[in-house]
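Same chain, two partners: chain A is paired with chain B first, then with chain C.
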Partner chain A sequence: MFRLILKLAWKNAFLRLSRTLLVVIMIAVSMSMMLSIQGIYDGMTSNLIDKTKRSDCGEISLYNSHYRLNKNLDNVIKDAKGIEASLNERPDVQAVVRRLSVDGLSATARKSAFSSVVGIELDDEIAFGRFDQFLVDGKLELGKRGALIGKELAKTLKVHVGSKVIFSTQDSSGEINAMALKIRGIMQTSMVLDRSALYVDRRHLERFLGVSDTVATQIAIRTESSTLQATLQKAYPQLSVMDFLELNPMLKQMQDMMHIFNSITFFIVILVVFIGILGVMYVSVLDRIREFGIMRAVGMEYKYIRREVLLEALFVGVVGYVVGAILGLLSLLYLHHYGLNLSQFSEGLASFGLDTVLYADISPIYFINTFLAILSASLLSVLLPLRKIKHLNPIEVIKAET
Partner chain B sequence: MIQLTDVQKYFYRGESREVHALKNINLTIEKGEFSLLNGPSGCGKTTLLNAIGALDSVDSGKIYLDEKEITTLSEDERTLLRLNEMGFVFQSYNLVPVLSVEENIGFIMKLRGFDDDVIKNRVHEVAELLEIENKLQSLPNTLSGGQQQRVAVARAVASKPKIILADEPTANLDSKNSIALMNMMRRLNEEEGVTILFASHDEYVIESVRRIIKLNDGGIVED
Partner chain C sequence: MFSLALKNILFYRGRSITTFVLTFFSALMFIVYVALMDGSHGSMLKNALKVYTGAIEIYKKGYREEGGNDYLIEDVASVEKVLSKVEGISDYTSRYETYGLLSSKDRSTAAMVAGIEPQKERKLSELYSTLVSGEYLSENSGNCLYAGVDLVKKLQVKLGDEVSFVGSASDNSFAADLFKLCGTFRTGAFEFDSTAAFLSRSYFDELMYAKNKASYITIRLDDLNKVDAVNEEIIKHLDSQYESVTWKVLMKSMVQAMQVDSIFGYISIVLFFVVIFFVIMIFGFINVSSRVREFGTLRSIGLTRGKIRLLLFNEIFILSTTAILLATPIGAYIAYYFSLHPFVMEGISETYKDYGVVSDEIPLAFNLFTISWNVAVIYLLNFLSIIYPIRYINAFKPVEASHHV
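On to the complex of A and B.
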């Protein structure tokens, strides 16, 4: 019996091939577009998050609890070297860096800009977040007077590789001091740092500022542990231990917004699927209203007819899903490997810390969610057509023939 | 086997354009009959046939099928009664277009839950009787009208219903096909003992049946 119904559903779904194909294509195209958009949106956010983690705060960052309100050299982490060493011992910590950062004014002969000089240890940064990959021009080296500069800041100051920059700031004794730096390379990292950062050798900066080599303004940690933050806060109550999202409320907002965009796209596509299947099923049922009337007349129970129509809608939905999933996966794979080149909008994107080529994320969740939604849309879409059959009076149908 | 007592049927009951479609019908159909409801168009043949076939309700009177009253059944019970006890042949052939001839003939048996082997044997048996055994794998729309109507008869007869109700089965057929169909139905009646009740005003049907029940204006005028 079930086999007969299955066969009826299958054959009917593909009897009106062009109509069914139209809906299948409609589902497949809208679905694969949605998958691509989702992948790009997610890729965009995770790219930003990834870069910010790698170049700046990791998953967790430690500061002196007064530092974020008042960034002066009184508010440094005093025993940063010791803390760094003991963090490196922990198995749940993947990498640690400590940085010494100070705000001041960078100037060339013609331009000047507020900026931060960040004292780093190049090898540690490479281990921490593949710092070398952020280099877009010049060489990755610091030396005694060398500096790497954020791309946007370089633009503001109109400097390039080889230019000289004077950075002046207050040292630990309160004196205004200046150092001359030579730009060795240009870095493209995350939004804030691109606009403000000059990277120099940490030891050089320590000496310039007259601080001990055990202090730091920030200790950043890479980890996969979700409990590490609480543990560290307990271990270092005098410091503020902050996780990525606390440190980057903007990115959290952006993530939420992308989630809303994705939900809206998803909803629209599912609506399209719903209307598509509803349309094709409605017309198909109306076309066969006599057939259903005769089936009722000869004694076929309504539940079997309902099952047949349901299966028919499912066929259309599932075939659409499969084609859409294949197209979507291909498109996502392409966007994952080759990216979406948005160079004509690159100015705007880069100022957000985004790359001009966006790479898509691929997650099985996309496919599972879409499958469930298309399944539900198919099942819901037959409610209206089925009402037509349910209230069908077989005598009227038979009479209509004469 | 089928007994009707004082059956009345109105359309638009109580309204100004009320139609008294069946007037006080008393009728008995015995097992094995090969009979015809005859009369001019609009005299109530279809209405009476539908009432007997549990397709339509009546307003008063009783209809019994083997001692079982069918006038009081619910919609769902009537559906099952039609499936298990009745066979229908309509003016147009009403085959399922996506199923082969073989599947169409076996359709009702399948709905009734017969085994596939039983269905296959029975389908071949009736197909042979109706001379469509070489068309079993075809789709209905590749057949002529006469062949399609024979498939419809085969479908009705295959599950061995108590009675086959045939409403104007020859109306869409030419004379040659009409005569052929009536001959085959008569053979089914004789060889398998199926009870068949026609509703028709077609001369070929009149010529071949054994009993004619004449209706006029909703009442039986001659038997």
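On to the complex of A and C.
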């Protein structure tokens, strides 16, 4: 019996081919567009988060408890070297970097800008977050007087690889001090650092500022452990141990807003798709109302008719889903590999900390959610037509029209 | 034909209600969505222009690219003479900006120190109205420094404290002086509040050898919408060594950021429209396909294909027009109301201060032209949705249609 119903449902689903095709196209086009948009939006936020983690704070960062409110050399982590060494021994820590940072004024012969010099250890940074991948021009080297500069800061100062920059700031003794730096490379990392950072060799900066080689302003950690933050806070109560979200509430909010926006879009689209399927199924049932009347009259139970109509809606929905999933996957694969090139808006994108080419994320969850939503929409769309069939008087229906 | 269309609409209620409701919500959503997008962008721009940047600014050519003392306006009076003759300009003032180190007893920090004309500046920027403590500058306030609250925090000084300045004067000589903190301001633009400090030009010009010199001249207009026309007029009269640029160039990154935001906004709304278009088309198609025999009869009694087309066109015309006539005033009223009484999202300016968001208010934009084209798009989509059903029904021959099951 089930095979017969299955066969009937399949044939009826495609009985009015144009009508069914319109529904399939509607599901496929809207689904592929929805998947592409979701992929691009997720790609944008995950790209921002990834760059910020790799170039700045990792999953967890340690600071002197006063540093974030008052960024000066009085508020450094005193035994940063020792802490770094002990962190490196932990199995739940993947990578650690120790940085020394100071705010000041960068100037060329013609331009000046506020900036932060960040003292780093290049090899550690590469191990920490593939720092080499952020290089957009020049060479990844520091040396005694060399510096790497954030892309936006380079633009502000109108400098390029080979240019000289004078950085002035207050050293640990309170004196104003200046150092000449030669730009070796231009980096594109996260929004804040792109606008303000000049990366120099940490040892060179320690000497310039007159601080010991054991101090740091930040210790950043890469980890997958969810308990490490609490453990470290217990171990170092005098320090602020902050996770990525605490340090970047804006990115978290951005991610949440994107999620809410995608969910609302998803809901509205599925609702309209549901109305489309409902229309087609309702008319399809009305068209065949005599047929159902005859089926009831010859003794076919309501449950079999219900099963047939449900299967019919399911076929339409699933065919639409399969076509949409293929189109969506192709579109996502293209956007994942080649991206969406928005280079004509490069300055605008840079102000958001985004690259000029936006790449899409691909996640199985997109396809699972869409499948469940279309499945539900298809099944719910037959409730009204089924009500009509349930309350059917076979004799009246057969007599009604010829 | 029109009354027949009307009768059909009333008879086929399911299709009519669906088309009406979908058209109504599409139009309403489009008007409100675009008003919200344009409104938030407009508000960002307005806030940014209000704080410090002028609608138009005049520079010596090369200053914006190279900067430095070689590209200062050397004769401010002659440029101001030109500006006084251009219509559409409400106010203008010159600014002399330099970067230097400000130091208190214990702290030093880099800052942008600018010489301004205090009275003129009151009309051109938010500096006066954002006073937090102490007092604003006057023409004769001498070495009084008016600084952003976050800069003051960095320097750890209070009103009346002395702050030393080290920089270079307009002739590239070494310039150093002691200023007294007289007032603080908070515009909400974090970067500005943490880096900017001001003195009266009458005093600062002496220190910097900058009499009748300026980094640029900033201009406010009677009507911001006429910025391009006024700018063209200025350029016509301006000496060729100068350039006059509008906020669209000065704030290019913000303009582009808003364009990108708009692109994504429109991509999302296109998705809704595609789905809605299909559903309206499906319902139109279902309706037409269930009336094949009716159309066959109409054709048999002499109605041409053109008349059938007109009948279906009239049906969608009546449905779309009534839905849009209802949606447009409601959407326009929502846009108008919230343009006067913006949404307030507490804390948004704090969260997005790095992006230059300085206000928690998000107004909607009320623009009749925008509303008109929004509505026109929905109208067009509705008419496009009936093309396939018309082609489908007109493909039948009258006899074939009369016997269609």
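Some notes on this structure:
The rule we apply is simple: the second predicted complex is superposed on the first by the 400 of 402 C-alpha atoms of A that agree within 3 Å, B and C clash if a C-alpha of one lies under 4 Å from a C-alpha of the other, contacts with A are read in each partner's own complex, and residues count from 1 in each chain.
In this text, a contact is a pair of C-beta atoms (placed from the backbone, for glycine too) under 8 Å apart; a residue touches a chain by one contact, two chains touch by 3 or more.
The structure displayed is predicted, hence computed values, not measured ones.
Judged by the touch definition given at the top, the superposed model places A:Met1 against chain B, while chain C stays out of reach. When the two structures are aligned on the shared chain, A:Arg290 is found in touch with chain B, with no touch to chain C.
In the superposed model, A:Asn12 lies in contact with chain B only, and not with chain C.
Of the two partner chains placed by superposition, only chain C is touched by A:Gln253; chain B is not. Comparing chain B with chain C, more residues of chain A are touched by C. In the superposition on chain A, A:Gln133 makes contact with neither chain B nor chain C.
Of the two partner chains, chain B is the only one touched by A:Val298; chain C is not. Residue overlap on chain A between its contacts with chain B in one complex and with chain C in the other: absent. Those residues of chain B that touch chain A in the complex are listed here as 46, 50, 55-56, 76, 79-84, 86-88, 90-92, 94, 96-99, 103, 107-108, 110-111, 113, 155-156, 167-168, 171. Chain A makes touch with chain C in their complex at residues 16, 18-19, 22-23, 25-26, 29-30, 33-34, 37, 41, 72, 103-105, 107, 109-115, 158, 168-170, 174, 176, 191-192, 249-250, 253, 261, 265, 268-269, 272-273, 275-276, 279-280, 282-283, 286-287, 342, 345-352.
By the touch criterion given at the top, residues 14-15, 18, 22, 65-68, 70-71, 99-101, 103, 106-111, 166, 195, 252-260, 263-264, 267-268, 270-272, 274-276, 278-279, 281-283, 285-286, 289-290, 351-352, 354-355, 392 of chain C touch chain A in their complex.
Those residues of chain A lying in contact with chain B across their complex are 1, 4, 7-8, 11-12, 15, 290-291, 294-302, 304, 394-395, 398-399, 401-402.
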